[in-house]
Every structure is written in structure tokens, then in C-alpha cells.
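Next come two complexes built around chain A: one with chain B, the other with chain C.
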Partner chain A sequence: MNLRGLWLYARRSPQLLVGSGMLLFLFLFGFLGSAIVDTDLARPLSATPRLPPDGHHLFGTDDAGRDLLAVMVVGVPLTLRVGFLAGSVGLGIGTLLGLIAGFVGGRTDGFIRGIVDTLLTVPGLLVLVSVASAIREEISIEIMALVVASLSWMWPTRTIRAQVLSLRGRAFVQMARLNGQGTMEIILREVLPNLLPYLAASFALAVSSATLATISLEALGLGPQNEPTVGMTLYWAISFSALLRGMWWWWAIPIGFLITLFVGLLLVAAGLDQLANPHSRRAT
Partner chain B sequence: MILRRLGMFLVVIWSAATVNFFVPRLGAGRDPIREKLGQLMASGGLRQEGIEAMVAAYQAKFGLDQPLYVQYVNFLSDTAQLDFGYSLANYPTRVWQMVGNALPWTIGLLFVSTLIGFVLGTLLGALTAWPKAPRWVRALALPMVTLSAIPFYLLGLILLWVLALEMGWFPLSGGYAPGTLPSVSVSFALDVLHHSLLPALAIVLSAIGLWGVGMRGMMVSTVSEVFVTLAEANGLRGPTLFLRYALRNALLPQFTALGLSLGYIVTGQVLVEVVFAYPGVGSLLFQAIQASDYTVINGIVFLTILAIGGVTLLMDLLYPLLDPRISHHRGAAA
Partner chain C sequence: MTARDTLLVLHDLRVHFETERGIARAVDGVDLTLYRGERFGLVGESGSGKSTLLLSLLRMIREPGRIVAGSAHLEGTDLLQLDEETMRQTRLQRVAMIPQGAMNSLNPVMRVGEQIRLAITEHDEGSVADERIDDLLRRVGLPAATSGLYPHELSGGMKQRVCIAMAISLSPQLILADEPTSALDVVVQRRIMQTLAGLQNELGATVLLVGHDMGLMAQSVERLGIMYGGNIVEVGTVEEIFAAPKHPYTRQLIDSIPVFGERRDFRPIPGGAMSLLEPPTGCYFHPRCPEVMDRCRALAPDLRDTAEDHQVACWLHHQDSIDV
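Take a look at the complex of A and B:
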């Protein structure tokens, strides 16, 4: 699939188009924002606290005197970074295990499948809560991403294994094997290229669930305390009861960004899934 | 097969207990007793000389002076009896007591709203994929998908703002009106109901989205099955076709998921409870995190793993009853 083909398809799949548009907006917001907005204002005590949105502070300011526009300009990329980092690690582990399980088969497959099925029934968020609360002082953006990634590789493993199993039996893979290609060569040259659309769809889903887990941990107060991520902003807003005090801008703005992010990722995943799996085109 | 399944359940529970034992000891050199005494010293002006003796005395009392493997064995046997020890933040209270007080609130809220969300979401999801449904019903698919992408508590915040703060139709927080004491009376029951409506609405709305999306996916592939076409060609009426042929066959994965989410009832939607200051297990967990109350956190985590493990086990054993195609005797088939 080349770029032109992708564009032709995107025109026919409004989901993919709208979804990527929303994600692009979030990326640009961080990129362009940091060029226009003074990010020093994201630190506490840099503006008059408790101001509603006006011409000077577009998103208003919070209790500690942070300018919320600056906080979002710094925080949205941070949140995206945690989500994409955790999603990539999770998908990486999942792809590796899925390929091994699908190709080696036999006992190895049974073992990997057993672990995946067992871990899928474990309440991920709660395990993350107990891990994160034990290492709360040391938590940084990267550690946060790794903690979340440690429990986000099971779904990718499962879907990719299923896909590898179906690809392995196809004629072109058998042909390659008859031609004397080695297993590594078959994986790299025949299977992986055909797996790419699935990987892309799984990636969007993995990022979405990793972001959800991250935001939940942060909203519980288990995030990086000194970084103004979107989730931490929400945590401060909840713990200082912004809602009851009528400071709607303090919680509504992070929620707006989060909803844009989640809906965008969902639409992209659904669009890519249709691209990868024409069978489900009827589904939406 | 059943024995193997039971063995897997025990392994999960044992690993969960082990993780619970070792994770709090990860934070290198942390000593909860010394920290707690240090806090007391700072607030109460305790004198310095007695402190080492006190630390030693408390460590002996909690068995922390023994070698690690002895502590581990003691911990496992306590956990097996669901004894999670004392809360570190509210010392003389036992963890089990605190969880026990919060559990009925959470189960009451979650059980009802999960079931309502499941029924409505499944029906709606099935209808949006049904070719003969009215146009406006099929058009509900998009809002449904959007709802499923929004986390429960974010929806809760929005509802709280619109319906409680702006409209004033619902109370802003809590499980019952402040100043009243829990009692068995009609007025108290009504008060509790009034307080739980808004959190329940947040959960039901999001849950409709999640259940609906899952059901829609299943339904799309079911309606294109040959037996549905055959039943239609035989002249069966629409409702019969919908309920007995399409819906019923698409339902099985939904029941699996329902089982799992019923397991989650014991923790509740943690952040929904926090947002509404609802006195359930979720809020308890939040307070425990704020106070670094490890014993309470671990008790709740372990209880949830136990509940979910138990429910999955039960579902696996019940499966052959729901779907005759699945059997535990065929070995690898399950």
C-alpha cells in the first residue's frame, strides 16, 4: 500500500480521516503551542490564581496560579508521549510473543497462550495501583509508561498470534518455504509486511488503552507529581473540588482534550481495522 | 480439564498474594513503622531516645523481625483466611472491617447499574446491526461508539456539573444526606436511592456504549449466517427472527464479558466513586492511596483478583450449559 493508495482509501473512510484529523490537532497543539505560548506559565505561582478564561488567559488559571493554556501546551504532548511509549512497548512485546507463539507452535504456543489468558483476567488497573503506590516517589514519565506497558501486551499477543496462524497456512508462505527460505526470512519478508495493517490497528488500540490506564492512575494521584500532564491536571482539579467551587474551566478543559484523544484513537483504530480486514467493512 | 482449570485458579490467587507480599517491599529500605513513628514524633513532640526500642517492639509485634521466608509463610496463611492485618493509617481498625463497611455500597451501585447497562447496551447494539431496524435506531451506532470511548468518570464529571450543580436535581456528593444516620427506613432508602442515581447514570451510559459496541460486532457477523437467511426464507416474523435466531446466537461472548465485569463489582468504578464521593470500596482505595496505606490497598487488590478469578472459574464451568458446542471432556477444544 503506497501513500496515494492510503489517501484514496482515507477519502472513502471518513472514520480514519476524522480520527487522524483529531490526533493531528493534538500533535500540532503541542508543537505550535510551545512556539506561541510561554510555557514557563505552566509552573505554579506564575499567574494570578483562580481566573476564569478571558482574553489574557485563554483557558483561565488554577488554584496554584498556573496558566491552563500553558499547562495544556506542555501536558498534552507529555500525555501523548506516555501513551505512545507504553503502547509501543506493549505492542512490541505482543508482536514478538505473537510471532513466536504462531510460528513455533506446540508447547511454546500453549505456554504463551496460558500466560496471556491468565493475565487477561487480572484486574490491570488495580495491579498498577499497587505497583505505582509502592514506587510513588520515583515515578517519572518514562517509568510510568513502562509500568503501564507491563500489563498492555496481552491483547496484541492474542490478536497477532491468531493473524500469524492464518497467514502461515497461506499459499505464498508455503511457496516461500518450498523455495528454501529460512524461518527468519519468511517472517521478515513474507509475514511481517502482510501483518502491517493489523499492527497499525493494534497500535492505535494499544495506545488508547495505555492512555486510559495512565490517566486513571494519574487521576488517582499516582502520576508524576511535578509534571503538568493532562491526567495530573484533572487530579488537582478533582482534589481541590474545582467542580463544587464553580471553576468549570479547570476540569472541563482537560476533559475536552482527553475526549478528543480517546475518540480520535478509536476512530483511527476502527478505520485501520477496516483497511486491514475488508470483512468488517460492513460492520460500520 | 476441570481439575486443570481449578489448578490455574489457585496459581493465579497464589501469584497475586505473592506479588502483594513483595511489591510493598520493593521501595528499598522503606520501613512503615519507622515512618509512622516519625510522623507521630513530628506532630506530638515524642522524645528521640525511646524510638529505637519502640520500633523494635512493634517489629516484634508484627513479626517483622523474623526472616523473610517466615514472614512470607505467615502472610500466605493470613491471606488464605482473608486476614489482611491492620490498616496502617487508621491503626487499630482491621482492613477487613473497613472493606466490609464499604462493600455493600459498591455492590449495590455496581450490580444494578451493570445489569441495566448490559441489557440496554446489548439490545441497542443488536438493533443497530439489524438490517430491518428503523433508520433512526441504526443511526444511534455513532453516538454509541463515541460513548464507549469516553471513560466512565469523565462522563460522571460532566453529568455532575449539568444535572447536580446547574440544575440542582441531584445531590452533589456522598451516599446519603449529611447528618442522617444509616437506618432501616423508607425515607433513608429513598435518600440513598436519590444519591446513587447520578453515579449509576454515569456508569449505565458508558456501559451502554461498551456493551453495544461488542454486541454490534457479533451481530453483524451473525445476521449474515446462512441459518438466518434460511429462517427468513421460511417466512418467520421479524421479531422471532431477531430474538430467537440472530440475538440469541450472538449473545455468548457478551455473557463471558458480563461474568468478568460482575467480578469487578467488588472494586467498583474507582474513579466514579471518587468523583461522586460515594462511600464505597473505590473511595476507600483512593483514601488508602492518599495515605500510603499499603495493607488496605493490597487487601482491596487481592479481594478483586479473588472475585474475578472466582467468577471466571464459575463461567468456564457453566459454559457447557450455555452452549452445547463447548464441552470440558474434549480436551483441547475449550
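Take a look at the complex of A and C:
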């Protein structure tokens, strides 16, 4: 499908359109925001603390004297980065293992499946909390992403393996073999292109669940202490009882951004899923 | 009949599926000779081993199936002894296959021209000119513009033509066709068979057509083989077999074809397909045979000449072996 076709489809799928719009807004917010807003104001003690939103501080300020607009301008891209990094690594590992398991089959398949099924029983958050608290001192955005990715490749492996198994049995893959195509050629030219829409939909979901895992860790105070990510802002708001003290802007604004991010990803995943599964496509 | 060039000689070909419930002998010792440039039809009911026989010639039998014995000499080289890479090159280049369900045999996300190109480049280093692909499409009766279309934009008959274009792309000596028209209506069926026959003459290739439609076979092939339970029970020219069928199974197959203009009850062959796991003793057809004799229950008949170009495996026609 070319770009024009994608646009034509997107026009028919309001979900995909609205979802992409929301994600685009978040990207632009961070990108353009840093050009307009002074990001130095995201550091503590750079503004008067505890100011509600007004014309001067659009999103208000927190207890430590950070300007929350500046914090969001810096934090939203950071949160997106962790999510996308962790999602890509997780899905990348999953795709690779899923392809190997589905195609090689036999003992290799059994081995990969065994590991996946075993790890799926491990409570992810528990492991993440223990790992993150063990390396709390030197945790950075990238390490955070890798920690999250290390436990997010099992579902992709499983589902992609299933997709590969079903594709492998299709007549056109059989035909490619009968026509003497090599195995690598079959994987790259016959199977992978047919997986792309599915991978795109999985990617949106992978980013979404990786972001959720990151935010959970951060809200528990296990994120990078010196980076003003959205999750860390929530952590500070919780520790300083923003809710009880009526500082609604401190928690409501980060939550608003998170809702935009998750709903956007969900809509994109649903829209792409319709593209991958013509069965759920509405007749138009 | 003049002396003809042999192309393919199968000798005692055996393909077994080793399942948990026992060994299924899908192809159980087949001897067959195909001549250069002929159209040979292989008929049998489901499970008689005809598709398995085709796949075994391409060495594409999947686990738990295995070619356990026999040889398949294509112009002197035994296909069953080739190493993997040579075998891969042989597919399409020397032995090509036209699939059963053309509906799903093309990659849904690749333009058909690209698919033909890919099939060729996998055998032939270097680039493939667009003209070559356009020419292939024209030869199977499709406009050259088809090459830029996706499979879902084609009708079933057009898809089957694309598959034929792919099959003839490297001018193979042997074209295997597994019920190539089973999913198409009779008009399209006939046209496609005509296209195939034309191309085959042009290439001088041999076509091995597999199916269960005796009527279609009568129109499309020159010689016919009847398969039952993994064995070939009768081989002969179409004229011979339809005029004087020897094996009771062949006779019943021909009888079961409805005749136009004659009202009569449908005459099916009584009984069901035999179990490959527990084949009957003696002749595999004896439990369903209307002319069964004691000898049939004990001993399996071998395939013998009864007339020129006509062989049959049936005790009714083996006069010399009364003394069992």
C-alpha cells in the first residue's frame, strides 16, 4: 500500500485519523514547545512555588517551584521516547523470535515457546520494581526503556509465531516452495510483507503497554529522579499530597497528557487492526 | 505406435506417512513411464495418492511423510537422489507445478508481475526484463497490463493463468498440474485447458494432469492412469480405456459419469475409500469389486500388458495365473 492509499484508508477510518492526530499533537507539543517555552523553568526553584494556572504560568507551578508548562514540554517527549524505545525493542525481539519459532519449528520452536510460556507467568511489575529499585541510582531514560522492554517481548513472540504458522500453511507460500524459492527469500518476500499491517497494529499496542509499565514504575518513584518525565511529575504530586491540598493543576495536567497519549495509541491500534483484519472493516 | 522418447521413469516409488496410528502407504510402489510431449492424466478418488505422487516428484513431501523407496529418473537423473540445492533449482526450471487452488496461490500483497519476476530470479542470476514478463502473460492469454495488478483484482481464471505463466516461465520439461481447474466453472475450465495444451505443444513439454473428473480427462489427455489405494491399477490411451476398460474400478468410474440425454439412476461405486492404515489383503479393490474371486482376497495382482499401450493390474485379465 502506498502513501496515497494509506491516506485514502485513513480518511475512511476516523479512529486512525483521530488517534494519529492526538499523537501528532503530543509530538508537536514537545517539539514546538521547546522552541517557545523556556525549558530552564522545568528545574526546581525557577519560579514562585504553588501558583495556580494564570496568564504568566499557563499550567501553574509546583511545590518545588517548577513551571509545569515547561515540565510538560520537557517531560512529554521523554515519556514518548521511553515508550517508543521500549515498544520497538520488545516488538523487535518478539518479531525475530516469532519468525524463527514459526519457521524453523521443531525443537527450536519448542525451546522458544517454553521460555515464553514460562516468562509469561512471571508477574511483570514485580520484576520491574525489583530491577528498577536495584539500579535506582544510575537509572536513565534508556536503561528504563530496556528494563521495560526486557519483559514485553513475550506476547509479540507468541502472536507473531501464530501469524507465521498460519501464513506458512497458505497456498502461496507452498507455491513459492514448489517454485524453488529459498527459505530466506520466502520469509522476507512472502511472509514478512503479509505481516506488516499486523506488526503496525502490534507496535501501537506495544508502545502503549510499555508506556504504561514505565509510568507505573515512575509513579512508584522508581524512575529517573532528575528527569521531569510525566510519570515522575505524578510521583512528586503524590508525595507532596497535591490532591489533598487542592493543587489540582499539579496532577490533572499530567493525567490529561497521559489520557491523550493512551487514547491516541489505542485509536491508532484499533484503526490499524481494521487494516490488518479486513473482517472487522466497516463496509463503506 | 512409433517409438517415443521417454522423459520420466518412475520405478517402485513408495511414499509412506508414519503416523501415530500406523504407517499410511500413500504411494505404494508405483511404476510409470511418461513420454516426451505427451499429456498424461492420473485419475483416482480422494486419498488414492495422486497428489502425493506429484509432490514426491518435487520432493515436497512434508513430515511425517517420507519417500521410502524407488526412483524417479527425469532424462536419466534420479530426482530423488539430487542434493537440496540442485533440487531447488530443478523445481520450476525442469519440473513446474500448477497448483490446485489458484485462488490462494498468489501472494496477496505482491503485484503479479513481481511474483513472476521473483520466481525467475530465484533460478536465474541477473535482472528480468519487463518484456519477458509481459510476453509470458500474453502467452497465457492475459493483457500485459496484468503485471501491475494485485491478485485480488483478478478473477479466478485469470489467477490460474498467472500461475500457468509462472509455471512455463523457465520452459520446464515436465509440468505437473494438480486439478488445475477444480475451482473454476466449466467454460473457464475448458479455455484454460486449451491454453495449457497450446503452451505444452509450443514448449514440447510433458504434462502430468491429476484429477478425479473423468470427463475433463477424456477431453484433455492422451493417456490415462487409474490410481487406487496408492497403486496404479490401469494405464492406457484414453481411447482404449474408454472403449474397453479392463479393471472393474475403471469400468465403474466411467459408468458413474452421467450421460447427457439419457435418464437413468446415478450409478455410484459402492463402498468407501479404503483405509491406507489397514489396507485389505490381496487386491486393495476386492472389498468393493463386483467380480471378486477367491484369488483377489489372497494375492495382489501386478500391472501387466494386456494389449499394446494398455496395462492392467487385475486377476480377471491375467490368464496365466489360475494356479494359486
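In the analysis below, the second predicted complex is superposed on the first by the 280 of 284 C-alpha atoms of A that agree within 3 Å, B and C clash if a C-alpha of one lies under 4 Å from a C-alpha of the other, contacts with A are read in each partner's own complex, and residues count from 1 in each chain.
Here is the rule we go by: a residue touches a chain if its C-beta (ideal position, glycine included) is under 8 Å from a C-beta of that chain, and two chains touch if they have at least 3 such contacts.
Keep in mind that this is a model prediction, so the values were computed, not measured.
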item: Superposed partners chain B and chain C on chain A - clash or fit; value: fit
item: Contacts of A:Leu244 with chain B and chain C, given as first, second, both or neither; value: first
item: First (chain B), second (chain C), both or neither touched by A:Met144; value: neither
item: Inter-centroid angle chain B-chain A-chain C after superposition on A [Cα, multiple of 10°]; value: 100
item: First (chain B), second (chain C), both or neither touched by A:Val268; value: neither
item: Residues of chain A touched, compared between chain B and chain C (which is higher); value: B
item: Which of chain B and chain C A:Asn194 touches, first, second, both or neither; value: second
item: Touched partner set for A:Gly180, first chain B, second chain C, both or neither; value: second
item: Which of chain B and chain C A:Val127 touches, first, second, both or neither; value: first
item: Closest Cα approach, chain C to chain B, once both complexes are overlaid on chain A (Å); value: 12
item: On chain A, positions contacted by chain B and by chain C; value: none
item: Chain B residues touching chain A - in the complex, by the definition given at the top; value: 8, 11-12, 16, 19-20, 23-24, 26-27, 129, 141, 145-146, 148-151, 153-154, 157-158, 160-161, 165, 172-173, 216-217, 220, 224, 260, 264, 267, 270-271, 274-275, 285-286, 289-290, 292, 294, 297-298, 300-301, 304-305, 308-309, 312
item: Chain A partner contacts - residues on chain C that touch it in the complex; value: 58, 60, 88-93, 96-97, 99-101, 103-110, 118-119, 122-123, 163, 166
item: Of chain A, residues touching chain C in the complex; value: 170-172, 174-182, 185, 189-190, 193-194, 196
item: Contact set on chain A toward chain B in their complex; value: 114, 118, 121-123, 125-127, 129-131, 133-137, 208, 212, 215-216, 219-222, 238, 243-244, 246, 248, 251-252, 255, 258-259, 262-263, 265-266, 270, 280, 282-284
